[in-house]
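Next come two complexes, and both contain subunit A; in the first it sits with subunit B, in the second with subunit C.
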Partner chain A sequence: MNREMEEKLKDVCKRVVKEVDALIAYKRKKTEPREVLTVIRSEDEVDSISLSPLSVNNPAKLLMELLKTEKKVAVVAKGCDAKAIRQLIIEGKIDRDRVYIIGVSCPGVVDYRKFIKKIDDLSDVERVELIDDKIVVNGKDEIPFSEVIFENCLYCSNPTPVIYDELIGEPREGRVDFSDIDEFERMDREKRWEYWAKEFERCIRCHACRNSCPLCYCTECIVDPTNLAISPMTPAEEKATYPKILGKTISISDNVLYHLVRVLHHAGRCAGCGECERACPMGIPLRKLERKLEKVVIEEFGYDVTKEEIPFLSRLEVMR
Partner chain B sequence: MKAYSGDFFKDLSRKLVEAGYRVFAPVKVKDFYLFKEVKSAQIPDDYVNTVKSVKEIVFPQNEVLIKYGDWIEEVPIDEEKKAVIGVRPCDAKALKLLDKVFLEDVVDPYYEARRKNTVLIGYACNKAGNYCFCKSLGLSPFGTEGLDLLVIKTDKKYLVDEVSDKGKEIAKLLDLEDATDEDLKVKEELEKKALESFRISINVENVKIMPEVFESDYWKEVALNCISCGVCTYLCPTCYCFDMLDEGERRGYRYRCWDSCMFPLYTLETSSHNPRSEKWQRLRNRFYDKFHYMVKRKGEIFCVGCGRCIEFCPVGIDITEVINGLSR
Partner chain C sequence: MVKIVVFACNWCSYAASDLAGVSRMQYSPDVRIIRVMCSGMVNPAWVLYAFKKGADGVVIAGCHPGDCHYMVGNYYAQKRYILMRELLKFIGFEEERLKLLWASAAEGKLFADEMTKFAEELEKLGKQNKLSEVKE
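Moving on, here comes the complex of A and B:
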């Protein structure tokens, strides 16, 4: 992800933005190099967009939201972003015909929290590029990519978008690598429990992991049901039958239940973008849980999330 | 002003433990800091602030109020002696703001007891962090408001400002010398340097136009990427909303737990009407609450410029950008 790719993307966007109602891309924040998702609607806004190793957030969620009001939306999508969009298409949440996907072949993105620790003054950073295996700041200062890469990207299976209308950058090979999970599985049960108890102990139940996930799109979640309003007319028997599956405390039992329920709903669906882990203010390694599930889905059920047309949980034959 | 040449935080924390205090200090977890109970405090130089503020010590995320079964059992008020070491001036100021909520008019006995029994040992910031903007709110990285002691680290020693009577008592635990004129000069220089190190700021003047722009589409724009999570409010040192819940049908406990105005459930009424059903309405409320409603109700802006909500927002919403971007 260097300047050349960014320029190419801008050229593409200049053309595409005229053909759609809105275009989702990345732009730099005003006061720091961090990038955020932005929606542009005209050619002259194209110059404000950027594409760099700091273009991290998954646009699929915003895409789904915009499609409620816009007829046709273009979106800049990296490998994992496209995987999420594809999943939303096969789940009937996004209409393929109303989306124009500008795919970006992605070498991995930067973990911003690691990145800022390497920078003296964030205000000085004007340009961040990935050139070969180095993150180059302002065209001169170099940081080895391996020191600031978002760990999740090391295991990326689809750096090239699985679905796109046009592609920027040369296609890249992904890999199926569960070595970290294999290693984890070799730990005994008590050790694993100890590990997760320690991690979940920090959870503050801000629900950022759930809310940032493009595939957690339910309007009603068992964690905080909003449609179960109790009115003065609600009889006691009805109140009694309302499900209360987990409490709102940050006790280990509520936290574990929250995370396990959340993760299990992603079986055979997770796009692997890592938004959950990135969103977590408490540094809980949430991708580990998702990746364990991915491994089971592949190894036990032979389901390839990037190829199948029927959602995993709808494929009844795997349930036998 | 006093001075100490030894390892102040370590020595004081040990004395405090001996004196029966539960001592909390910033502890590195992975690559960030959290307040944790320690026997001996040590604060490395890369410490800017904790992810969760000192709020959680006087106003914990979950707090059991009563237990019930065949009868009701009151849970005794927590009157343990606690000391928090390494509190940044912004967080201490935030507790002064929380005092206005919990101790004015109706007094919250749980909060009151914890507050009364907690000693705050502040640590002046020699350099503003990446997301700090307390200066633009009229505060200082060397501010003392709300603290019992303020500790300033110089090249050679620690300077100790005895802010309150409680602080004076605590300071007696160590043999402190009087600060010299030279020390005071060094302190002044450090403060000046710290005040010059701010990278971002908030334009407080802009807050005045808030009553006129409530209906603006700006709020929809600002909320475009908002995912309605609780990061900003839970990490905020001045957010204080909580919910009360009962756990258990015939026997169980009643507890309160932090709540967030970013959650749709927060304003859902029993009639199933929700006055803030859209995420932009909820996000707008956060800014109005901090910069307008609380100014009206309590006379002060409920933001201390710690920058946690900027640093940890999963989608990059920036409180300074939002306020600075307000226009008629």
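Moving on, here comes the complex of A and C:
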């Protein structure tokens, strides 16, 4: 993702923005070298668009929100973003005809937490580019990409968008690699529990992983307080029988319950954008759980997330 | 003494347990049966909730594949069971504590035998203390 691709994207956006009501792209923040999603509606705003290895966020969720009010929306999507959008399309949440997808072939993105450790003064950073295997900051400082790459991108299966109307950059080959999961599975059972108990103990249950996930769109979630009215007339017995599966404490059993149920709801749907892991303030390796299920879905059910037309959980499987 | 929670489907497994009862078959007294309308409605969260509340083992019991009263409910149950078992195994929880059982309404004997066998297995595994919040 270098200057050349950015210029090309701007050209495409200038043309596309006239045909649509809104365009979702990345824009640099003013105070730090981060990029955020932005909604563009006119041609003169296009120059503020940016595309760099710091364009990390998944626009699928914003796209779904925008389509509630706008007729046609264009979106800049990397491989995993397109996968999420495709999933939302087959689940009937997005209308394909109302979306224009500008696909970007993605070599992987930068982990911002690793990145800031390599940079002395963040306010100095003007532009970040990926040239060959190096992250080039301000056109001179070089950092090897392997040192700052977002770990999830190492195992990316779809660097080229699965659906797009227009593609920027050369198509890339993805790979199916579960070596880290296999390695973890070879560990002793007690060792595995020790590892996850330590990780889950740190969870503060802020539910950021759920809120940031493009596929967690349920209006009513298991973690939300139930909205059943309690009046002074409500008898104690009725109050006691109101459903409350998940407690509000952050004990290990509640945390395990929350995370396992969250991950189970993503079986055969997860786009692998790593938004959950990025949003986690405690740095819990949530993608490991998702990747485990991806592996099960492929190996035990033979389901290919990028090809099937029926969502995994509603497909009828006859197993013996 | 172990605690086993059984989610038994109304049409087959619950009838099987009933048959075991009226036929006066002896089986483990550690079994607590919760009747559900279909094994396909068993939410994975319930299973984890049972573990949280101190269950040593959980059984999801339904009709044989193809016999479901609602045509396909048990296929969904099986799918969820596989995903759940793999996940529990992955985080280092004893996946043997979760069991899927097909028992038709005529299989009272099978139900009783399986429950006794499962209780013995759990006895060997010992108390479930990884997810349990119950202090004894």
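For the reader, a short list of remarks on this structure follows.
Definition applied: the second predicted complex is superposed on the first by the 300 of 320 C-alpha atoms of A that agree within 3 Å, B and C clash if a C-alpha of one lies under 4 Å from a C-alpha of the other, contacts with A are read in each partner's own complex, and residues count from 1 in each chain.
As a working rule, a contact is a pair of C-beta atoms (placed from the backbone, for glycine too) under 8 Å apart; a residue touches a chain by one contact, two chains touch by 3 or more.
Note that this is a predicted model, so its numbers are computed, not measured.
Contacts of A:32 after superposition: subunit B is touched, whereas subunit C is not reached.
After overlaying the two complexes on the shared chain, residue contacts for A:61 are found with subunit B alone; subunit C is out of touch. When the two complexes are overlaid on their common chain A, residue A:253 makes contact with subunit C while staying clear of subunit B. Residue contacts after overlaying the shared chain place A:171 against neither subunit B nor subunit C. Applying the stated contact rule after C-alpha superposition, one finds that A:144 touches neither subunit B nor subunit C.
When the two structures are aligned on the shared chain, A:245 is found in touch with subunit C, with no touch to subunit B.
With both complexes superposed, B is the one of subunit B and subunit C in contact with more subunit A residues. In the superposition on chain A, contact of A:283 is made with subunit B only, not with subunit C.
After overlaying the two complexes on the shared chain, residue contacts for A:204 are found with subunit B alone; subunit C is out of touch.
When the two complexes are laid over each other on chain A, subunit A has residues 251 in contact with both subunit B and subunit C. Contact residues on subunit C toward subunit A in their complex (touch as defined above): 43-46, 48-49, 51-52, 65, 72, 75-76, 78-80, 82-84, 86-88, 90-94, 130-133. Taken together, the subunit A residues at the contact with subunit B in this complex read 29-32, 34-39, 57, 61-62, 113-114, 116-117, 121-123, 202, 204-208, 210-212, 224, 226-227, 229-232, 247-251, 275, 278-279, 281-283. Touching subunit A in their complex are the following residues of subunit B: 29-32, 34, 51-52, 61-62, 130, 199-200, 224-225, 227-231, 234-235, 243, 245, 247, 255, 257, 260, 263-265, 268-272, 274, 312, 314-316, 318, 320-321.
Per the touch definition, subunit A reaches subunit C in the complex via residues 184-185, 189-197, 222, 245-246, 251-254, 256-257, 260-261, 263-264, 267, 289, 292-293, 296, 300-301, 313, 316-320.
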